[in-house]
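Heads up, there are several structures right after this.
Next come two complexes, and both contain subunit A; in the first it sits with subunit B, in the second with subunit C.
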Partner chain A sequence: MSWKTLSREKEKMNDLFKIVIGLVLFFGLFSIPFWAGSSSGGNGPEIVVKEGTEACVESKEFMRPNHMHLLDQWRDSVVRDNDRVYTNASGKHFEKSLTKTCLNCHSNKEEFCDRCHDYMGVKPYCWSCHLSSEEQI
Partner chain B sequence: MKILSPLILLIILILIAWVGTALAGLETLFGLVIPYVALILFIAGFLYRIYYWSRSPVPFRIPTTCGQAKSLDWIKRDRFESPSNLFETLIRMAMEILLFRSLFRNTKAELKPGPNLHYGSNKWLWLGGMVFHWTFLVIILRHYRFFLEPIPFVISLTEKIDSFFQVALPILYLSDILILAALTFLILRRIFGGPVRYMSLFQDYFPLYLISGIVLSGMMMRYLTKTDIIKVKQLSQSLIHFDFTVPSGIGAIFYIHLFLVCVLVSYFPYSKLMHMGGIFFSPTRNLANNSREKRHINPWNPDVKIRTYHDYEEDFRDKMIASGIPLDKD
Partner chain C sequence: MRKDRRNFLKKLGVASLFGIGSAGALDQYFKKTVYAELFKEDGLKENTTRWGMVIDMTKCEEGCTACIDACHFQHNVPEISGKKEEVKWIWKEAYKNAFPSKSHPFTKEETQKDPVLTLCNHCKNPPCVRVCPTKATFKREDGIVMMDFHRCIGCRFCMAGCPYGSRSFNFKDPRPFIKKINPDFPTREKGVVEKCNFCAERLAKGQAPACQSACNNRSIVFGNLGDPNSEIRRVLMTQNTLQRKTELGTDPSVFYIF
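For the complex of A and B:
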């Protein structure tokens, strides 16, 4: 007696290929920072202040995270209330002015402002009205 | 209790990070060790989940369709509601993942006085879900500025659009406001949603609270208490370059934010949040509805031994002729 075996083309158990593509895409995109590298090799930016200058209006520890807030307050109080004098924590007085006060010491925009702002991808709109000292009209 | 206990857990987590960094000064632990452990837990758990799911056989086509399948030429078909090939399925999946299309069809049954049972479309969950997921994506993309250098154009562009209205300084991100609104809605929906509240468990509230905690601590750092983000970027660069250094003086609020993110990331693969990978493994979505064109045979069907009448006739030919039984093949 003769018997035959009936076999048909069967379904694959799963889509391993598609799953691997998906995983590679997901982990590839998500791990970009690990393999993209960075231009500064992990060190933060170095900033330059004009030599032979006095201390800033507030401490460095305060200014680093808060300078934008201070400038914002200065702008509002000067423009709205005509209040042009800033008294700092130790009682010293300063004129509330980006160009006259801040830029006196922090005279080089490229080497001071821009370094950190570029490093963090911050684009402040100070310079859409104010001119840095090197710029000419 | 289901509503309050995840909140208590969140407060405990915040206290752990605060005590650990502000009081105990364990910045290496919270800045280096815990992020790496969280990342390993995330990758290992994610891969294990995918491996586990990929082992489930999918022998048959079981897509849920809501349109006419491909049939005779003169029957108008619906390509994306009832996809018949890989391309159409990909489009359907993309619409599902990017636009939550099936949730858009959400209906709600309400018993009104009468008694009268009303069915109506209910788009609120769809809207809340869309806002939440998209703003979360935008926020994650924005955070790549802490990890990449130089910062790619796509990331700057995202940030630029997100700060479009230039409200306040630092500029208020639209995504921050929208994600808070969406999270509030999603939490309140569970608490005051009647039947939804009955179904909601600890593990439904916890991720919502945790993400709210992350958003609020992040917003605090940006808008209120301020953190030196140059140092934060130095820490993130140290993490991705395996330098194992922690800049000092970042502040406890940052470590609370980072610790909550680590908790979220390590909790991710072991929770409902894994629907991120699971959507790709939904056979009711990711299969083409081509059962009429192609026969799908279960792979573990045994090979069936058969004997045809033709074989039978061959075997008993002589005897059949002798008894006068007619043959198919002479």
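For the complex of A and C:
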């Protein structure tokens, strides 16, 4: 091996080292939101429900991912089909109303609705027309 | 049979006579089906529901706004001054504007003088429903012309379509202009059209419309036009009533006694 090719090999080695360092730094910085937040925000925000209330129209496990679809169905069936009574899985009847049924228990919009919606970065526009409990007074 | 020119012409003459007649019949048939298609003109079958209202202007007290106040409180209608941006569900209108084709220089003085109580007519052939591009305005089976505020994009085609001026647009956020908020009914937001809904939310609970309940002089009769035994049908059978702008073919469900 001549001296010339040896130095070229050496240069290559040096480049590889730089590239690896660069990649580690890049991915490290790029993934900050994932590993930095894993200890603090994993469980989502704490939400508050008024004490001493009965069970929700459906189970907590159903409502968490599906409440928006349920509310969507309610509003369409009330406004367009004049169907105002909801019967849940266990046969109980409820009035299909965000303000009259849901807000009875979930009376604190800031501590119940907003905390989760802010955390998830969603902005539902229910409240530009429907009145929250505080606004109803 | 002999085949000659004379006989052929005779037959042709008889046939063409039928032809002319049948052209008219075809035309009639075509009109009927096309109209039926356009308006879904089902004719009112007995014992189906079509909500209607009779307003007896002879009993309506001048200067009284009980029905207007009750309605506007019930539905959180904002009070915005100025003709351009005002929002109204039920209001009083000069006779010559409410009934332009029925008013003439020799109209009975008290009829002409007193403003007429006007609201959405819940037409059988509602032009607002036909022009709405999002189906936010639709006609229910019981005749109520209803609005789905969630779907309204504020294009205001319905306001151009309505010949009665029954629709208002929210040029600004209406909430600061609502004197007292009724917690049982939502407000509207900026950029949405609104109008009378014949108190659909009260009818669902078996209550009469707010305007009728509020009237102390019983000048409003509300009921089912499809029920031949209803009070409204009895009033319509026994008294002479008018609809607004019948010449437009909208067939209002609101009737007037003068």
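FYI, the second predicted complex is superposed on the first by the 93 of 137 C-alpha atoms of A that agree within 3 Å, B and C clash if a C-alpha of one lies under 4 Å from a C-alpha of the other, contacts with A are read in each partner's own complex, and residues count from 1 in each chain.
Basically, contacts are C-beta pairs under 8 Å (C-beta built on N, C-alpha and C of every residue); 3 or more make two chains touch, one makes a residue touch a chain.
Everything quoted here is computed from the prediction, not taken from an experiment.
Novice: Output check: A:Leu16 vs subunit B and subunit C. Expected answer is one of first, second, both, neither. What do you get?
Specialist: first
Novice: Between subunit B and subunit C, which makes contact with more of the residues in subunit A?
Specialist: The partner with more contacted residues on subunit A is B.
Novice: Given the touch rule stated above, what does A:Asn82 touch, subunit B (first), subunit C (second), both, or neither?
Specialist: Touch status of A:Asn82: second partner only.
Novice: Thinking of the overlay built on chain A, is A:Gly91 touched by subunit B (first), by subunit C (second), by both, or by neither?
Specialist: Once the two structures are laid over each other on A, A:Gly91 reaches no partner at all.
Novice: Should A:Cys116 be classified as contacting the first partner (subunit B), the second (subunit C), both, or neither?
Specialist: first
Novice: In the overlay, answer first, second, both or neither for which of subunit B and subunit C A:Arg64 touches.
Specialist: first
Novice: Going by the contact rule set out at the top, does A:Ala36 touch subunit B (first), subunit C (second), both, or neither?
Specialist: First partner only.
Novice: Let me test your reading of the model: by the given contact rule, A:Phe27 touches which partner, first (subunit B), second (subunit C), both or neither?
Specialist: It touches subunit B, and subunit C stays clear.
Novice: Can A:Gly44 be said to touch subunit B (first), subunit C (second), both, or neither?
Specialist: A:Gly44 sits against subunit B, while subunit C stays out of touch.
Novice: Could you give the residue numbers on subunit A that contact subunit B in one complex and subunit C in the other?
Specialist: On subunit A, the residues that contact subunit B in one structure and subunit C in the other are 125.
Novice: Show me the residue ranges of subunit A that touch subunit C in the complex, using the header's touch definition.
Specialist: So the residues of subunit A in touch with subunit C come to 75, 79-80, 82, 84, 99-100, 125, 128-131, 135-137.
Novice: Okay, in this complex, where on subunit B does subunit A touch?
Specialist: 43, 47, 50, 54-60, 144-145, 147-151, 155-156, 159-160, 166, 168-170, 226-231, 233-234, 236-238, 240-241, 243, 249, 277, 280, 295-299, 301, 303-308, 311, 314-315
Novice: Provide the residue numbers of subunit A that touch subunit B in the complex, in ascending order.
Specialist: My answer: residues 1-16, 19, 22-23, 26-27, 32-34, 36, 38-45, 61, 64-66, 68-69, 71-72, 116, 118-121, 123, 125.
Novice: Residues of subunit C touching subunit A in their complex?
Specialist: The touching residues are 138, 140, 146, 148-150, 181, 183-184, 186-189, 200, 204.
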